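As written, the chains take the letters A, B, C and D, and residue 1 is the first residue of each chain.
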Amino acid sequence: MKLTFTPEEIAFRDEIRAFIEQNYPQNLKGVGDREDLTKEDYLSWHRILGAKGWSTPAWPVEYGGPGWHATQKYIFGEELARAETVPVLPFGVNMVAPVIYTFGTPEQKARFLPAIQKGEEWWCQGYSEPGAGSDLAGLSTKAVRDGDFYIVNGQKTWTTLAQHADWGFFLVRTNSDCKPQEGISFLLIDMKSPGVEVRPIITMDGAHEVNEVWLTDVKVPVANRVFEENKGWTCAKFLLAHERTGIAQVARSKMGLKKLKKLATETISEGLPLAKDRDFKHKLSELEIDLRALEITELRVLANEQKGKGPGAESSILKINGSVIQQRITELFLEAVGPYGAPNPRAYKAEGGNFAIGPQGAPMAALNYFNVRKTSIFGGSNEIQRNIIAKLVLGL
Amino acid sequence: MKLTFTPEEIAFRDEIRAFIEQNYPQNLKGVGDREDLTKEDYLSWHRILGAKGWSTPAWPVEYGGPGWHATQKYIFGEELARAETVPVLPFGVNMVAPVIYTFGTPEQKARFLPAIQKGEEWWCQGYSEPGAGSDLAGLSTKAVRDGDFYIVNGQKTWTTLAQHADWGFFLVRTNSDCKPQEGISFLLIDMKSPGVEVRPIITMDGAHEVNEVWLTDVKVPVANRVFEENKGWTCAKFLLAHERTGIAQVARSKMGLKKLKKLATETISEGLPLAKDRDFKHKLSELEIDLRALEITELRVLANEQKGKGPGAESSILKINGSVIQQRITELFLEAVGPYGAPNPRAYKAEGGNFAIGPQGAPMAALNYFNVRKTSIFGGSNEIQRNIIAKLVLGL
Amino acid sequence: MDFDFTDEQKMMRDGLSRLIAQKYTFEDRHKAVASKTGWRPDLWAEFAEMGLMMAPLPEEMGGLSGDAIDAMIIMEEFGKGLVIEPYLQSVICAGSLIRNAGNDTQKAELGEKITSGEAIFAPAIYEAEGRFNPAFVATSAKKNGSDYLLNGNKAVVFGGPMSDSFIVSARASGATSDETGISLFVVNKDQTGLTTQNYTTVDGLQASELFLEDVAVSGASVLGEVGGAFAHIEQMRDHAIAAICAEAVGLMTVANAQTIEYAKTRKQFGVPISSFQVLQHAMVNMLIALEEAKSMALLAAIECAGDDAKARAKACAAAKVKIGQSARIIGQNAIQIHGGMGMTNELAISHYFKRLTMIDAQFGNVDYHMRRYGEMD
Amino acid sequence: MDFDFTDEQKMMRDGLSRLIAQKYTFEDRHKAVASKTGWRPDLWAEFAEMGLMMAPLPEEMGGLSGDAIDAMIIMEEFGKGLVIEPYLQSVICAGSLIRNAGNDTQKAELGEKITSGEAIFAPAIYEAEGRFNPAFVATSAKKNGSDYLLNGNKAVVFGGPMSDSFIVSARASGATSDETGISLFVVNKDQTGLTTQNYTTVDGLQASELFLEDVAVSGASVLGEVGGAFAHIEQMRDHAIAAICAEAVGLMTVANAQTIEYAKTRKQFGVPISSFQVLQHAMVNMLIALEEAKSMALLAAIECAGDDAKARAKACAAAKVKIGQSARIIGQNAIQIHGGMGMTNELAISHYFKRLTMIDAQFGNVDYHMRRYGEMD
């Protein structure tokens, strides 16, 4: 039993680290503190990793994965977080792609996987609807068969970064005369199709990150349905389990904590660094210990996966604790900056102000705190995750 | 709007205080630190207050109450707690008596109220059953009518201090062919009746405080039924609302906190008083503020009562927070004594050891902590209280 | 003991409540925040007309001789309506400083401006490196003939952009954190050497950074005794805390009501989400948090209206702790129960959440007042 | 990375698990606690026979050269069975001190006694006024020819009543809280001047207060360098923490399982109480608390088995914090969900709760280790 890396693993880590250092775009350094990233910002780094064969660490080799074992994937994630790179967005790589290579036709695999791998096409997720959030199976967007096409009508919501999307994967209802779960199909929709309209939702932090997607008589080739008609729930469940593992965000939270500790050292409170304040320090220690526990728990899950036990309902624990830790980090950031949480950089920049107010790290503190309230809501709320654990793990 | 007392109220307080000083039994001083009190210990103080007319502050004047308004009752409770008197037990005075004077016959009032007022008879409460705890209406102890008597069979549990009881008030089932709530009657049972057996339950702190009460063919005169047959649930609900107000225990908790702060000043940790420890102090302050909030909330409820608005579902808030604060006080006591929470005084005293181990206040710290876990369970668990608030206050 | 409002207080509360319901809808407020000036001068005038500025201030300032209970009533309604006007700064804070530190002339002249609503004052007390400690004053006041020269910066001055004057704390003597040596100066906005950086806050208010470079103020603009201002600042802070706690109670009252309403109407799995026991208990916890906050806000106001400075300080520290904790419970649960909808700028609930969040850092946060409370023992 | 046990470790775990299931039922344990001696010497012998005392100790002490992982496996099973025998004191703590501080003779002679189970040793490290700080040593060691005279008191020495010898920390030089100047002495129970006050603890263990009055011990009984014992004590503490964390994981595993089982069978309102969402989520929180505790107990054991003293100290401080928090969540919820039945001495769950509660104060509580952790940054 050991936690240390083998010499081979250390060599692997050094290789990753060197590659990032040499290839990460100069203009994207320190993006963590920027408010808005463009489509090109995201894709440029994705393309560099794609060219190297590293944009899809979890994929099987036959579809373009690098063939890494769990520890290597873990190291890779650690190194990306350490370098604070822009993230490779999960919608293509970690969400639709596993569904396509697990359930898709040879044609679908050939058509879509390479473009995802290379970062040529941007994907979005059409799951939630205004009336179907936690109750995902309650969705009502309808797809009616018409020859070789489905005609799709309905409305999706909370569609992250759909304003940039080339393609979207959608859960639609193809049968209403059965249990909700049994009448759902999984469609891939070209976002440039006539009848697709993306409308921004501005969240309380002032960001345009999520959207409504309105579908009006959208023609979707039957060939773009993944898996059998009315069996889309199988794909959805498969995907949810995948989504939950990544959502722990341990590596990113470690980087966040590191920045928070730096901020606490630099922030002066009554003439002394806040890091010396016993109450604040207590909270920092508590957070760090909880994050460490989450990390080891994730490693235990990974070790099980490596032995062939797929991510089960335990991944709900990672989702719950991972989301709460992200929230606590931003909460402590906001507490650390104290009165300087108040100024709204989006507002004063919109008015042409190009000054920064308060200590480094302050301008985004409140907005980030507001923003990550979403982590316990989206991707299956923490209440839903607890229901899942109660049922599937505890057998209640 | 004001929180201060009027000159009349201050005079009243001084009168109470002087009476306690002059009349409280010498041998009962500092009983808070004693593990076990005898029946006589409880009753002697009850009798002194009864003779003065003060044992039943909440009763209407016509039945022997002193005619105090809410503020006077509050002051009286404060003064008893301040002097750390043995409590006047609630089973007679605050539980069965209000039921009797509200729902009872003139004969029942004449027979029972004076003896309760004077402290001549000890009462216990026969509510919970092994199969009916939180679901009180699910009780199955049966009373079958036989002429002028009921024949009662069944088992009650968690009956506090029943080992001393002269009388008990019992909820029994007189009709099984209806909704559970509609077939219950409220009986007064002489605990010396043939067929009544009291068996001790030892709780995890080693105390004999609660009991099982087994009833085998117990003959109870119909004249000892309060209110109509099958309408006992009305009495039960009435009584529960009464029970919840008292259960906040603000005055006793204030005294507990005072002792805790004294202990923290006397306990030496690494050569310094624990009261100087910032983490411990933080917890003390938080507790004190929460207790203050509970106190003001109780005063607001009392003020409403004084205006004729009876204690409603809001009293559930007092029960929840009051119980949690009692638990937190004992938890901090245990934390304060540190390693000296370990020795079990009941065990070493049973073995004939008459030494005390650790600082003053240490010997009972753990046992008290164990004991008050009950406060969030008994009298309607805090989960049940939250259900009540959700339904009756929030309308959910 | 008596928790009743007078008939006049009830009338004022009901009138204000009606005014807000009619002229200060969520949409109105949204527009005002996004407007060039970022507030509603027209409503400010109506507030003045209603006598709100006079309500808690003494007669010699042109007020109605009310007290912190009146302030509580007004601030609670402001909280319910998410009102963004600088009443707290100009009437409560500046009003408190002038009442306690000002001489008769100042009380009459400055008081008249405040109570009439014709001018706005903002306290400029805190500095960046002092965080929540008002005794941390690095800004210097150097005597220059009969004038004083002020130099230094003041941090996050709420109401700054719409203020006509600031009440600035500066130090003529002592070390940076000494409680003695601090004086108060009334500084007009157009005074030479004073520059401001104005901004909107994340919760829709207006604030400024103040930079003072050789700002020359006359001796007549000194408020109270030179070097002896700290007790006045402490009193101001307690009154501000009592008022902002009342605002928070208003905010929480609405946040709870909106959450319950949403939970009753929002359906998932074929039933209203209010039927899920876990959400029911979460809403009960929100109610308990609100009731505790109400009690402590009440206590703070009562002690501010009284004359026991120690009891006042203790009650206000305790109230600020409790309000911070309750605001966190209520704000976070309100968003969680609203789900995705709670995340949007479109629903009022997110704005209640934002304001509730930001109140913690005004006049000292939970940890700060917890410590302060512990030290008063 | 590798979280697997060896086949030998699995065999040991399964054998111990079987032994406890057969000979250490809840009723057996209950009787043992209430007995005159308060423990099970017969089981102690069986543990020794199984090789449990040898498992984590090195060859030169007669051990099997295992490490903290073996200790973890054993302690977790002891936790599951609520075992009250002083394995932690004699094998883990005394074993650690002798292994690290002892000379070859001591390792061989004392080691043989420990690994054979024929004698029991207990560390006597803490003092009343030192609370959780093992550097707080007021007990003095005065050189007297080639002997030492020990004077002082030692607090809450677990395993004291059944121990044959104590390993006592005493000070020859330095101030009371100095880390230097502390030495370790092997003191036999029958030594003149040593008196004990024995008692049962609230969670069913045995402990003693030690009073040393001019106890004369020979130079040969000094363990390690005179005045240089603190690092050994720290190492012992970390190993003890890793072991007690594993015990807690065992306790929590059973507490969770019993609670789920009870909730599934206990009916109220006509349905099992496990169908109430609020209790379901409470049990999910108990599961999460257990998984976090497992992870940190594992980390502590792995670092104790390694040779990075700083990483070891950090992991053990963090683990003790997490175990304290998890034990509180699990213990309190287990009783609450069991309701009245959980309050009785009759059900096992209350005994799991009591032991889980008391673990917090052994070797430093949550606050102590949180602070220690923060200071290691």
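Observations
To be clear about the criterion, a contact is a pair of C-beta atoms (placed from the backbone, for glycine too) under 8 Å apart; a residue touches a chain by one contact, two chains touch by 3 or more.
The structure presented is a predicted model; accordingly, all values stated were derived computationally and were not measured.
On a Cα centroid basis, the chain most remote from subunit A in this structure is B.
Across A-D and A-C, the chain pair carrying more C-beta contacts is A-C. With centres taken as mean Cα positions, subunit D sits 53 Å from subunit C. One finds 43 Å separating the Cα centroids of subunit B and subunit C. Separating the centre of subunit A from that of subunit C, both taken as means of CA atoms, is a distance of 39 Å. Of all residues in subunit C, those touching 2 or more other chains are 276-278, 281, 370-371, listed in ascending order. The multi-chain contact residues of subunit B, meaning those touching 2 or more other chains, are 279, 282, 383, 386. Across the complex, subunit C is touched by residues 276-278, 281 of subunit D.
Contacts from subunit C toward subunit A in the complex involve residues 126, 128-133, 136, 155-156, 176-177, 197, 199-203, 205, 207, 209, 267-270, 276, 278-279, 332, 335-336, 339-340, 342-346, 350-351, 353-354, 357-358, 360-362, 365, 367, 370-371. Partner subunit A is touched in their complex by these residues of subunit B: 278-279, 282. Taken together, the subunit C residues at the contact with subunit B in this complex read 1-5, 69, 260, 263-264, 274-275, 277, 280-281, 283-285, 287-288, 291-296, 298-299, 301-302, 305-306, 318, 321-322, 370-371, 373-374, 377.
Of all the residues in subunit B, the ones that touch subunit D in their complex are 128, 131-135, 138, 157-158, 201-204, 206, 210, 268-271, 274, 277, 279-280, 334-335, 338-344, 347-348, 353, 355, 357-359, 366-367, 369-370, 373-374, 376-378, 381-383, 386.
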